[in-house]
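In the two assemblies presented below, chain A is common to both, partnered first by chain B and then by chain C.
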Partner chain A sequence: MKRSPFAAGTAAAVLAAAWMHAVPASAETGVTDDTIKIGALGVLTGPNAKFGDTIYNGVEAVYKEANATGGIHGRMIEYVREDDRCQASEAVGAVKKLIHQHEVFMIHGGACSNASLAAKPEIVAADVPWVITASTASSLTDPVHPRIFTTMLAGWMESYAQVQYAIDLGMERIAIVAQHDNWGRSRYDPLIEAFKLHGIEPVADEEIAPDPTDGTPQALRLQAAQADAVILILFPKAAAVILRDAYKIGYKPFLIGGSTVGDVGVFANNVGIPGAADKLHAVSTIGYTADDPAMAEWKAKVEAAFPNDTFNIYHMFGIASGQFVVEALKRAGRDLTRESVSQAMNDLSVETDPYAGPITCTPTDHQCHNNAAWFGLVDGVTKRVGVTAVTR
Partner chain B sequence: MLRLFSRRNVMAAGVVFFALLPFFANPYVLFIGNLALMYILLSVGLNMLLGYAGQLAFAHAALFGVGAYTTGLLKLELGLHYGLALVAGVGLATVTGLAVALPALRLRGLYLALATVAFAQATLWVFTHWNSVTYGGAGFRVPPLDFEPFTSRPDIGVYVLTFVIVLVSVPLGWNMLRSRVGRAWVAIRESEVAAESLGIDITRYKSIAYVVSAMYAGAAGGLFAGMLGIVTPESFDLFQVIVHFCMVIVGGLGSLWGGVLGAVGLVGLQEVLRAFRHLQEIAFGGLILFTVLVIPGGAVSLLKRYVPGWKEPLRRTEHDE
Partner chain C sequence: MFAYLIASGISTGALYAMVAIGLVLVYRSTGHINFSHGELFMFGGFIAYTCFVILGMPYFVSLVVAVIGGFALGVLCDRTVYRPLIKAPALTMVLATVGFSFLIKGVARFFWGAREGGDYVAFPAAVDPSPIPVGGIMVFPQQLLVLGGAFFFVVVFTIFFRRTRWGKMMQATAENATAAYLSGIRVERVYTMTWGTGACIASAAAVLMAPLTLLSPDVGFNLLLRAFAATVLGGLGSMPGAIIGGFLVGIIESLAGGYIHTGLQEVSAFIIIIVVLVFRPAGLFGIRRLRET
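Moving on to the complex of A and B:
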């Protein structure tokens, strides 16, 4: 039997149509009729593992809740985690695996800044949307990239908030005590920048080692400078030494701490001198303490989903970020594409449970979280005492 | 049947596999292949110094870093062609290796180990704190590499370059080990006094070991910078030293081909176990313990015992002609 070219062409067209029909409703990578695959990039092993895992457990608690209530437009979220071990070299392999092996729809994670910076070109090249949960390097979202958003305060914001807070409280003679290691420099340099922007000079600028045994000389110099507020850029141990030695010489300035001493109650206990931390206010990314009644519901959900976890602030980073992503996926609609979810995030403001203000992204600003909360001791209990909206 | 797995056949299969990888692998698998090739260079270089010349030196990760920083910074600051920057990276690592060798020649055993650990830490300190040159703890991005007209994909370009360098440098190393130099290293490792009494110039051959090892580390560092596109100090810390030592010990200390197997095996194992997370750390530690306690000669010692054709005589044989 002779085959007609027309019949063969028709058969091919029918086959092609049938094949096209068999393709899932959404042909977007990582999205099927009933699932959305989202990848997490973060530190899951090694000394910082608890930090990464806890954040992603917070994210996953939000995703589990979304799935339990029918998913996002009928699709369940699958959350795949890959370990960057907090190292740039590992992050590149991990992100390539997420994009090319797991074929995720988007990435939601990133804790260590160097690792995230290493992963960024891969994510940009693959045109995958990325919501950063905890990395603080400002160059991740500045300049704005249409696919990259962050729900964490940038490193510079904490320093700017400290200067702003001191000025807002009417402090005129402001001093600094800082450790000048790598971590300290990343906060000290923006702090000096913020002082310059406000046209003021610190009345004293003291340096102390990250692991000191004595802070008396620094405390004496601060006292001599008659500083009425002292900004601390210190790890908890160094901060405790300064507080102890200042208290010892009878010098009790107002202290403006960083997020390292954000849990003021715990820090005050570590200092061990009653009253020494009474005039300390410390900045934090989140708006509540982990044991605040406002967080009780999430505490129960997280601890039920992850029985080995004790609810803490890192879960709260993840919960806030998860709530933002879930809202963006909802807004993007059933015809979910990388472009549609990026567009949704590009102009989105979400009130989350753990943060002191909304996570707000605009087309010109993908540093979507800028509300630094302040905590201090009120009647011996850690309470939120203020919020600073940080701008450069 | 076992002859099928002779060294020659396994290595030929390995070469074919790595040569064909860009044609079928996705970018993730290609990256892992590239990582394995780069670690082959590191492992072979370290094996020469540690396994053959018997120098318990811990400077390898630092020299790896010198290669990476030099290559990356020359590309970033001077806009040098990547090939030239890589050559400069190898050059500076080699000179640094020689600088390490000079004081190290007077030291042995534990003292040599301590001195080279100090060097590694000092180098790491410079990478982290010399902000005006190294960009400090945050490191720096290497500008995108251009391999046009060969390929528009930089990852394939770096892979092919790494493959070619491995293809040249491993046989070169193998030839060196079977020459007067390799035999002198082994003589020094076994007994410096005996070696000297045989007329072997200890200073000269030890220096050669440091320099050659540094060249391999520098080349691996330069390729690492190109492959990752970012250079940060934590990539060259003491954990890297441990990884390099593991590859050599698990593969086979004092066996060039063992080092090759160790590098490929451990990179592969790391990736296979990535999904098991904490199990990965346990498995890694367990493997090293198992090797040290049960097969101290490394994986290659089993092959040498059971599979014909894995012997590594330090001379040319009829088989090589």
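Moving on to the complex of A and C:
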């Protein structure tokens, strides 16, 4: 049977049209004509659920705003969350689900370092871009991996910032009081490195349990060493005990706290003795308090989008990180690929609303946030009192 | 420095003594160490926190509610853990009380844990939080309250055991449960009372301690460990031993931390347990026969 050229041409045209409809404009996983699917790996249940979910609500508030203003080059962001329960054993399954079941374009999340460290090999193997929101383990981003970036202060940065800040304030006799559990060691070791880099020795180096009933021996030894500044590597409970007992014995040094006591006003209330926290300055990832007027707009947006939430610093981590990712996606352009967004992030500096300085990634440094803000009580109100650009 | 260390050692020691009293009470009656005792302590503290901070009740009322709540939890422990396993091997009881401790901790974490800023809550002082001079050193009024509380409970329990019918029934059951049963004592009720009483003392201790530290769902284990060291040092099963042991553990911790190294403060309890078990297994006031059984 002889085929007519017209019929063959028509069939080819129909097939071509059908193929064009079946295949999206972009063939990149997780990206369609009108959506970009991004996965959140983090703690949604268990003891730390509020922290994980809250951060992702902050991220999602930014994504909602981007979607409301037309999306990223016409594409709406879909944000899917999987629960790692803050556990390494759960993180692997959660990240596999994001990559292979949800088929996300990139991952934006990670709050618990142990879980994130467990997830990292899966993410690297799948060659998926990953922006870390809150995990602080330095080894996640050092050495540099072309697809992995963090918008959180790395663990070592806080410790370096504490030493730098004490020196900048002209303190000469600097002491340490630290808890020596796993968390404490992850801060204490870089702290000692920082002391060595500056060529100074702590005048006293005291230990306390994370859950102490008494801090009098530590306070007495610090006083005996005549330390004019004391660096705290402590959870709030131990820090409160030290502050109370130091105050009790009449010892009032300058106190340089970590981010665990970053909300100085709340912490001072918890210490419960008027004046005991007056000489405390604490480092923080964020540049403003949650009730700062500069954050009022975001507070309204977050609380409108998530009526069960009360706006707090964890939302602010998410907002800063979300703003960074949105800018990276814009820079990557309409022809969005994992490679293009990684390239965009590889050399990107973004001023965010919640942080004290820009999030800046370079080809040699993917620990992109290094502006540690300092907070203290000024006339009884928590205020930012300084910023330290941390370098190693 | 010495005066401060001794004062703080006595204050924390009083707390350990109160927790140790409850531990010994249950051990004397049942022959088992209650490994959920620290969590009973913690839960009592959170009950008081709910009453005092969240509901705005007066401190003393919160203390009473916590003590009653602690008693109820102790009874629950008896009914759900001890009673069903009363004839089970000792190891089973250990595992059961450890399991119960995890359950209580989980419940506490659900209601009071994982707050913004940390897994802890602040418990305001019952009295003026500012330190006051006592004998040439400064102390917190709350420390004096802890000391007074410990003294109160020691006196109350001495009277309870020596003068009341329930106290005598408890002692009789502790000495020989079978003989107590044959002489008409309802031993099972005594057990229930014992678990409840032990937990209510722990709750009272928690309410006294909470304003000196912050309260967290994990606070119980550390206190259990120190109370256990106190009971081992004083002699397992000896009530006066638990009290004196508690004070000694507090003072040893404080002096070791102040004069040798602050790292020793945390491990002193472990060292005490090891040294006592090696050199004097019956403790300071324990009866060798009791240890051997």
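Heads up, the rule we're going with is that the second predicted complex is superposed on the first by the 371 of 392 C-alpha atoms of A that agree within 3 Å, B and C clash if a C-alpha of one lies under 4 Å from a C-alpha of the other, contacts with A are read in each partner's own complex, and residues count from 1 in each chain.
The working rule: a residue touches a chain if its C-beta (ideal position, glycine included) is under 8 Å from a C-beta of that chain, and two chains touch if they have at least 3 such contacts.
Predicted, not measured: the structure shown is a model, and the values here were computed from it.
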Which term applies to chain B and chain C once both are placed on chain A by superposition, clash or fit? clash
If you stack the two complexes on chain A, which partner ends up touching A:28: first (chain B), second (chain C), both, or neither? neither
Looking at A:114, would you say it contacts chain B, chain C, both, or neither? Reply first, second, both or neither. first
Does chain B (first) or chain C (second) touch A:245, or do both, or does neither? second
Kindly classify A:60 by the partners it touches after superposition: chain B alone (first), chain C alone (second), both, or neither? neither
Which partner reaches more residues of chain A (counting touched residues only), chain B or chain C: C
Looking at the overlay, does A:96 come into contact with chain B only (first), chain C only (second), both, or neither? first
When the two structures are overlaid on chain A, which partner does A:327 contact: first (chain B), second (chain C), both, or neither? neither
When you line up both complexes on chain A, which piece of chain C, out of 93-101, 111-119, 129-137 or 165-173, runs into chain B? 93-101
Common interface positions of chain A, toward chain B and toward chain C: 49
For a test of understanding, state which residues of chain A touch chain B in their complex under the given definition. 44-46, 49, 82-83, 86-89, 92-94, 96-97, 99-101, 113-114, 117-118, 121, 137, 182-183, 185-186
Under the touch definition given earlier, write down the residues of chain B that touch chain A in their complex. 26-29, 31-32, 35, 128-129, 131, 136-139, 141, 144, 224, 227-230, 232, 234-235, 271, 274, 277-278, 280-281
Parts of chain C lying in touch with chain A, wherever the complex brings them together: 1, 4-5, 7-8, 11-12, 15, 109, 113-120, 122, 124-125, 129-131, 138-140, 209, 211-214, 216, 218-219, 222-223, 226, 253-254, 257-258, 261-263, 265-266
Okay, in this complex, where on chain A does chain C touch? 47-51, 54, 177, 180, 206-209, 211-214, 216-218, 220-221, 224, 235-237, 240-241, 244-245, 247-250, 260, 263, 266-267, 269-274, 310, 312-314
